[in-house]
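In the two complexes below, chain A is the common chain; its partner is chain B in one and chain C in the other.
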Partner chain A sequence: MNVRTIAVGSPSLVAFLRTLCRHRFRGTPTMRLGLVVVGILTLVAVVSLFWTPYDPAATKVGPVYDAPSASHWFGTDRVGADIFSLTMAGTRIDVGITIAAVGIAFVVGTTLGALAGFYGGWVDAVVSRLTEIMQAFPTLLLAMLIVAAVGPGVWNVIIVVAIVGIPDYLRLARAEILSKKTWQFTEAGRMVGNSPVRLLRRHLVPNSVLPLVAYSSINASWVTALVASLGFVGLGIEPGSAEWGAMIARGEDSIVSGEWWIAFFPGLAIFVLAAAFYLIGDGITQKGDGR
Partner chain B sequence: MSSDVLLDVQDLRKEFHVRNAGRTARLTAIDGIDLEVRRGETVALVGESGSGKSTVARCIARLVEPTSGGAWLGGRALGGLRRRKLSRLYGKLQMVFQDPNSSLNPRMTVRAILDEPLVLHLRMSRADRETRVRELLEAVGLAAEHLDRWPHQLSGGQRQRVGIARALAVDPELILLDEPTASLDVSVRGQVIELLQQVQQERGIAYLFITHDLQVVQRIAHRVVVMYLGTIVEQGQTEQVFAHPTHPYTKALLTAAPTAEYGVRRERFRLSGEPPSPIDLPAGCRLAGRCPIAEERCRTDAPPLTVVERHHLVACPPMSGGWRRAAPAAPAGGPDAQTTPRLPHVAQEPGAPS
Partner chain C sequence: MRSHGMLIRKIAVRLLSSLAVIFGVVTVTFLLARVVSPDPTNLYVASDADESTRDVVRARLGLDTSIPEQYLTFVGQLARGDLGTSFSTGQPVAEDLLRKLPATLELATYAIVCGALVGIALGIVAAVRQGSLLDRFLRFLTISGLAMPHFWVGLMLIWIFFVTLGTAPGPVGRLPIGTSPPEQISGFLVIDSVLTGRLDTATAAFQQLALPVLTLGIGVFAPIARTVRSTMIYTLGADYIRTAYAMGITPARIYGRYALKNVLLPVLTMLSGAVGFTFSGAVLVEGVFAWPGMGQYALQAVQQPDFPAVQGFVMYAAIVYVVIYFLVDLAYQQADPRVRI
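Our next item is the complex of A and B:
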């Protein structure tokens, strides 16, 4: 069913959008759950810019080591800062870094992979060798090395996480383009006068992008964990920030002494975000392509 | 060159390098063929799978680069064209592909598919394109309601009609038809053939029709060229070839096809064995190992195409008057053989870009 036929039967814009959502974005139930969770967390990230229950940077907004209660939902830490406010503030760091890094890796990796697959020859050789070199290193180790070298900062983390993610997108895009390159519509596209760049953009990439979108979502769950890992080991984000991994690191010692909530809630947030991304990717994979 | 020759293929050769058990082997897909298509004419190129017939079309369309030899379209060399000029060539030469399921971009509507050549080749205005797209659709027997359909919403026959409309969009002089009916239902096949004939009558387009469907050949083709393992073994006007198939391979091909007449048993001309691999081809005639009338010399010398009748050429000396008549001194036979003088290699053709 295409958009136009739906539009004909829909009196208002709201009804039109509703039908559009129902028909075009109908996924598996788990995929919708993932979308809702990511949506809520993104909303929380935006809200945290303007409002949090307490100032996340302030100390002594309550008693130290206070267990979760009505006034401090996630409890307080050893300096009396509100964990709920901190977790909220961390949302924009973790969600923001994850989405930005995945976006950059997606665009750069897909572009390079498409070019390598399409042109072959030395372009392919250079690009493929470079990815192989990068993939020879364990990803976390490579990310830690580069972050340690370039120093802390949100943008540094975004770029480093994006760079270590590029090879996977590149290989996937390269393989997709390579398989579509011999399809007859590609040859037909050449014969109706498409330039190579236009052929890639209009014919090959649109037909290769779905597995990449599915992968990017699954990859996002993994990137969430990578960002938190970097924060946990104290690389990347400034120490003492509200980044979830860094918060776990600060609360780690208190788990044995009974103050589990300091590390638990940021950890739960990481889990929820990673799982939500994974469910979306899984849903896209399962749904496949209708046409 | 006579002026009504539209497509002139000369000594076209295509070799692929394949890796076979660790060493690189040379696979000869086309072994130096000559071919002509006149304006408004349908030439059928027939042969079994692997005979190189599709590769011929793909070499002409420059979807693959020929190893040597070349093709001329209306006197212009197709070889050695850079991209800009190649794109201009596609304004005169189009192709209809075998599989309509994969020759249409699944992410473009019929409108977008037909619009594209108009934008890229003809640079028409938006309003003109809309009119033209509707005309094209009508010309291939589809309605305006199909404009906004996606390929997956069309039947196989409808898809192939869209493929034909796309080829017609730029008003080409020659369309290469690469088994356009092979993947269609028999019921739809006839309609598509009818459409192709009708289009040819209306627009005077020449077809190079690649197929293994002999019934279709008999119906649509003016001339037939039979290929076996990269070489032309027989060519002539359709009636000649069907009435007097001369080459043993053609005979086998024609008598192997079932006839519509019930109860009529034809004497089948049978070949033994399988065709040899196109890697490391045998010397001499490619059919020699399977041929019941092969002579000693067939195994050592390549049989030249010899005229057996006006317009009718056969590459089989035992059938066409013996080796002496087919001696290389008179390569293409008598005065009625190809009248085209040999042209020099692609690069020296005056029409070729410097």
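Our next item is the complex of A and C:
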């Protein structure tokens, strides 16, 4: 075993993730519940591509405003569309957007934060000022403004939600790298001749990634709500789509006249997805504390 | 012992950087508003109006000059404290915002006070009875509160308490339709009604508040209860707590006095988040309850699009954010000598 591996402990990101899977993903019982739920919802999203009880886009597949029953589990809406089929179809929109947006924010935020923390100086100054400005914005309004500017569309929503999420990852990664920069394993890694980029990529980032993974899962629960909020105000996804927030908006007026199921079930779906992400993040944090 | 000069200098630097943040926020909002896709002239002319008609409207709204020129005019106005005139109401934005502020403040105050008190109390109970049935039930409650979208919670509360049970009034704003508001003294309808001796109006205003306060209160309660629980568990394991037990101090005094002190600092951070959320982030909840506050104003401004109103609201929200974080920092320094500037 040479000096380098002794000094750094964690040789690569891939190996690190492998360790993460092997040891930590056994997790707490609630964390396993969260993983199972996200898994099931992903499966529902895939299944909805091939099969739903009724065509989610079709109207008059049943009587209008039909309460939940054996033939329409979640009832029907104003135009007689099947809420269960719509909620199923919405899964792939909401789960897809959430995972894509969190993934982008994670990668971009962590990279920028690591660079800012490692190099300091003007890079850090510029990145930190921009982050401060973004954090002073009310998040939902910032997202609404950008979506209103770039126009509707699934990819636009993904990018916008990722952008407003970046500052938190950036701050976390920056703080992690800043604190580890002066540790002995960094010094040792530098002494044996690692280039700064290699030092960052192979040693500092992999050793800082656990809190970021935990945060990303908790962040995903919040992103789910943000995506639905954009759909609820009619910005982002095309009107009339099966996005859960947009479905709640279409059921809003029916609440007062007693047709609760139109808004209830898509909201329940958001709740289940967000809670599952939350439990996973919570589990990683608890396991991580004990390392 | 540090000199006062140094402290003043640090505060001055802090103020300057806060101003820079607000300026940055305002500039970004200005630019975003200018590339927004719906055309604001649609507010004034029919959708099939020709370009010459639209040009007249643009000139009146100050949108006929180049964007750098518009920006200079905008910054010049801002320096004189003028937020511009709203496209949709025709009133100065500053006046609009001031008129909407009391509704949001009243709602936010009750939600924060109720949410924080319940959150702190239940968080402590959950930590002391860690692992009990009550603790597990509270964990379910907090995670639900964190995972449910607030606007949906509002809708469901309307369905349960207004439609099904009939115990709450409908979502029609601060007062039932047809009730005239009391003379404005504090801006809080319940207090003003009591002060002017209109007890029935006070009751009505209180009933209108119940559901929106409950909705926002859940959003305030959940993160606070969670933080209090985890900090309390950590604190109760500390050496000085063990010493306190050994000295025969009663558990009630240990929880309520010695441990609570250490719990309150993280609560402060959560509270600042709650203030930001209820003062400016409750856009959709205000919309659901037709609450005539800042959030509803902002929502309409973005959808229309009403540039000066959007800019005014975002500036207000940025100021709230900057002030809160300044106060939290000060409070931290008071409470914890280790982080004195």
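Criterion: the second predicted complex is superposed on the first by the 264 of 291 C-alpha atoms of A that agree within 3 Å, B and C clash if a C-alpha of one lies under 4 Å from a C-alpha of the other, contacts with A are read in each partner's own complex, and residues count from 1 in each chain.
Rule of thumb we're sticking to: a contact is a pair of C-beta atoms (placed from the backbone, for glycine too) under 8 Å apart; a residue touches a chain by one contact, two chains touch by 3 or more.
Quick caveat, the model's predicted, so the values are computed rather than measured.
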Fit or clash - chain C, chain B, common chain A: fit
A:Phe137 touches, of chain B and chain C: first, second, both or neither? second
First, second, both or neither for A:Trp155, with chain B first and chain C second: neither
Chain B versus chain C as contact partner of A:Ala274, first or second or both or neither: second
Which of chain B and chain C A:Ser195 touches, first, second, both or neither: first
Comparison of chain B and chain C by chain A residues contacted: C
First (chain B), second (chain C), both or neither touched by A:Phe185: first
Which superposed partner A:Asn207 touches (first chain B, second chain C, both, neither): first
Chain C versus chain B - closest C-alpha approach in the superposed model, Å: 5
Residues of chain C defined as touching chain A within the complex: 17, 20-22, 24-25, 28-29, 32-33, 35-38, 143-144, 146-152, 155-156, 158-159, 162-163, 170-171, 276, 280-281, 283-284, 287-288, 298-299, 302-303, 305, 310, 313-314, 317-318, 321-322
Sites on chain B touched by chain A in the complex: 61, 63, 83, 87, 90-91, 93-95, 97-99, 102-107, 116-117, 120-121, 148, 150-152, 163, 166, 169-170
Sites on chain A touched by chain B in the complex: 2, 4, 183-185, 187-196, 202-203, 206-207, 290-291
Chain A to chain C touching residues, read off their complex: 129, 132-133, 135-141, 144-146, 148-151, 221, 225, 228-229, 232-235, 245, 248, 251-252, 255-256, 258, 260, 263-264, 267, 270-271, 274-275, 278-279, 282
